[in-house]
C-alpha cells in the first residue's frame, strides 16, 4: 500500500483522502492529441489501471491502441490531458521515483559514439551511482546480456539484437523495482524471444514489478500474471488470463482478443 | 547541478567523437593561415591584415560552430530519440537543458581556444606578441559565441531545425546591424514608433557590443570599464535566453 | 501533494526572464554611452551612404579595407596614382578611424599626384622651349602674348610648391589668371599645322596643368580635413593638414591654425617643432620662441637652443 498520509502529516499538509494501493496506478487517465486545425485524436480515454507490486503485467492491443501512449505518460515523457498517475505513491515526474524505474524503449536509440560500458557509465552517473558501483554493475550486466566481448565496440557497430541487449542492460543498471518494457520481443528471433522471456521471469522472481506492452499474444500468454486489453485508446478489460477467458467465454487468448474488440466496437462510438 | 555536468560532459564528448564540427575548424585554420601570405605589404599593414582576418574568422566560424553545435546537441538528441532514455532517468528537465548549455560552452571553448592559439602563434611568429587588447577582444568574442549558441539551443526547444538555422542566422545578422537601426529610430518623430523601436532594440541581442576588434586592430585601446559592462550584458542576456529555454523545454512533449 | 503537472511554476522562468530585460536595457544604454565616449563607433557622423555600405559589410569592414589597401599598394608601385583615389575614398568610408588612410590619401594627392602631373609635362616643356629658341624676332613679336603665357605657366609648373606658395587667396588669383589665359587661347586664331598651332596648344596644356596641380593640392588638404572631422580628438590629422599647408602650400597662416589644434592632444615632439617653424614663418616670432622653449627638455633641445638664439638676435631661423 502506498500511502502519502504519513509524509504529509509530518509536513503539516492536509490529509488527502486518496490512498493508492498499487505500485502503479492511473485514474481516469486521458490523453488527447491536437495535431492542429481543430482536429482531436484520442490517445487514451479515461484509463484506470492498477498494477500490483511484484506482478508481471502485460498491456495488449493492436498498433495505435494507446499502449505506447500509456507507457509514455507513465514515464513522464508525455503530459496527461486529464486524470492522475501514481507511481509508488508519487507523481510520474518525481525525480526520486525515477531511480526505481528501468525503461526499455521499443526501438533502441542510443549514442552511436559511445561504447557499451561508456553508455552504462553515463547513465550510472545520472543515477548518482559511484564509479565502483557502476563498474561492478556493468561487468555483471554485460555478462548477463552476453555483451562482454563487445566492450570496446562503439554502439554504431552494434547489430539490432545487440542494441536491444545493451538497452536491457541500461534498463537494469539501477536494479529497478519497476521495469517497463515497450515491445521487448519485437525483431527478436525465436531464441532471443525465449531468452528474453526467461530473463523476465527471472527478474520477476527477484521481486521486480514488470510492465510490458506487446502485440504478440503468445508471448504475453506465457509470461504475464495479469493483462490489460487496449483498443483505440480505451481499456477494454483487465484481469488474469483465465479470469478473462471465462468472462468472455473464449477459448484462447486470440478469441478473447477478437471478442472484446468486437464487443467494444458494437457498443461504443468514439466520442470526444 | 552535478547531473547537469554529467550531461554537459556527454554532450562535449559527442561533439569530439562525431567530428562534424572539425571541418569548420579546418576552414578557420586555412583562413587565418592564408592571411600570412600577403607579405608584400609593409609589416604594419600585414599585421593589421592578419589581425582583421583572424578576428573575423574566429567570430564567423565560431558562430557557425555555435549554431550547428547547438542544433546537434539538442535537436539531434530529440531526433534520434536518445532523449527518451534520458528523460526516464532521475534527472530533471531543467538539469538536462542546463547540461546541454554547459556542454556547448565546453565545445565552444575548445574550438575557440584552438583557433585563438593558432592566431596568437602567428602573431608571435610575426614578432608582434598579443597585447592585453587582443585578449579583451577574444574574451568578448567568446561570450558572444556562447550567447549565439544559447539562443539556438533555446529555439531548438520549440522549433524545427530548419526554422532554427534560419532564425539563428537572421538574428546574427540583425544583431550586428541593430545599432544602425537604433540611430535611424533616433531621427524618427513619431513617439509610438520610436518607443517600439526602443523595445526592439533592447530585445534583440546587440552583437555589435562585442565587436571591439575594429578599434583594437587600428590600435585604439578599449577600457576595462567597457569590457566589464559588455561582459555583464552578455551574461544577463544568456541568463534570459536560458530561462526562456527552460520554460519551453519543461512544456515540451516528445 | 502529488503534482501531475510537470512544473506548475513554469511561468516563473518567463517572468524572471522578462524582469532581467530591465537591467539589460539599462546596461545597453550605458554601453551605448561608452561607445560614444570611446569612439567605438562613428555613429554620430554616419551619412546615409555609409550606413548602407556598412550594412553590407558589417562585421567585416576591417577585412574589406585591407583588401582595398592591397589594390592601393599595387597602383602605387606601378605608378598609377590616380587609380588609388577611389580606393582611398572607399577605405576612408569603411574605416573612418583608420588614420593611415587619411594621412596617406592626403599625401598622395598633395605630393605624389601633384608631382606626377608636373612631371608629365616635362617633355612638352622641353620641346616647347626648343621651338621658341628657333623663332625669329618677328615671329616672337607676333606671338608675344602666347609666349608670355607659356613662360608664366612653365614657371608656375616648375615652382609651385617649391618657390611659389599656394596660399588660399593666391590660389584664387592664380585660378582667375588661368581662366583668363584659357579664354584668350581659345579665341586665338592660328593655322593648323603651323608652328603657332603647336605653341598655342602647348600653352593650353600648360594652363590645364597649372590648374590641375592646384586642384590636387587642394584635394589633398580637403581629404585630410575630412579625416579631421572623424578623428577630431587626436593630433594626427591636424598635423598632416598643418604640414601640407606649411610645406607644400607655404600657407603659414593656415598651417599655424592646424598645428595649434594638433598640440592640444597628446603628440610627439616633432609637432611642436613644426609649429615653431610655422609661427616664425607666419611672422609670430614671439610665439615661435615660446614654442621653441617648450622643446628645451626634449630631444630637440639642441636645435631649440640655436633657434631661440637666432630668433632673438636675428629674428630668423627657419630656412
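Labels A, B and C are assigned to the chains in the order they are written; within every chain, residues are numbered from 1.
The working rule: a residue touches a chain if its C-beta (ideal position, glycine included) is under 8 Å from a C-beta of that chain, and two chains touch if they have at least 3 such contacts.
Treat the numbers as computed from the prediction; the structure is a model and nothing was measured.
Trainee: Need the most distant chain from chain A, centre defined as the mean of C-alpha atoms.
Mentor: C
Trainee: Just by CA atoms, which chain is the most central one?
Mentor: B
Trainee: Where the CA atoms of chain A average out and where those of chain C average out, how many Å apart are those spots?
Mentor: 82
Trainee: What whole-number Å value describes the gap between the mean CA coordinates of chain B and chain C?
Mentor: That gives a centre separation of 41 Å.
Trainee: Could you tell me which residues belong to chain A and also touch two or more other chains?
Mentor: Counting only residues that touch two or more other chains, chain A contributes 76, 79.
Trainee: Can you list every residue of chain C that touches 2 or more other chains, as numbers and ranges?
Mentor: 6-7
Trainee: If we count contacts the way the header does, which residues on chain B are in touch with chain C in the complex?
Mentor: 38, 40-41, 45, 48-49, 51-53, 55-56, 59-60, 93, 176-177, 179-180, 182-184, 201-203, 206, 208-209, 211-215, 217-218, 220, 222-223, 225-226, 229-230, 232-233, 236-237, 239-241, 243-244, 246-247, 250-251
Trainee: Name, in rising order, each residue of chain B that touches chain A in their complex.
Mentor: The touching residues are 3, 6-7, 10, 13-14, 17-18, 80-82, 84-92, 253-254.
Trainee: Mind pulling up the chain A residues that touch chain B in the complex?
Mentor: Result: residues 75-79, 95-99, 101, 103, 105, 107, 109-114, 122-123, 125-128, 170 of chain A touch chain B.
Trainee: Looking at the complex, which residues from chain C come into contact with chain B?
Mentor: The touching residues are 6-7, 10-11, 13-14, 16-17, 20-21, 23-25, 27-28, 30-32, 34-35, 38-41, 43, 46, 51, 54-55, 58-63, 65-66, 69-70, 73, 95, 97-99.
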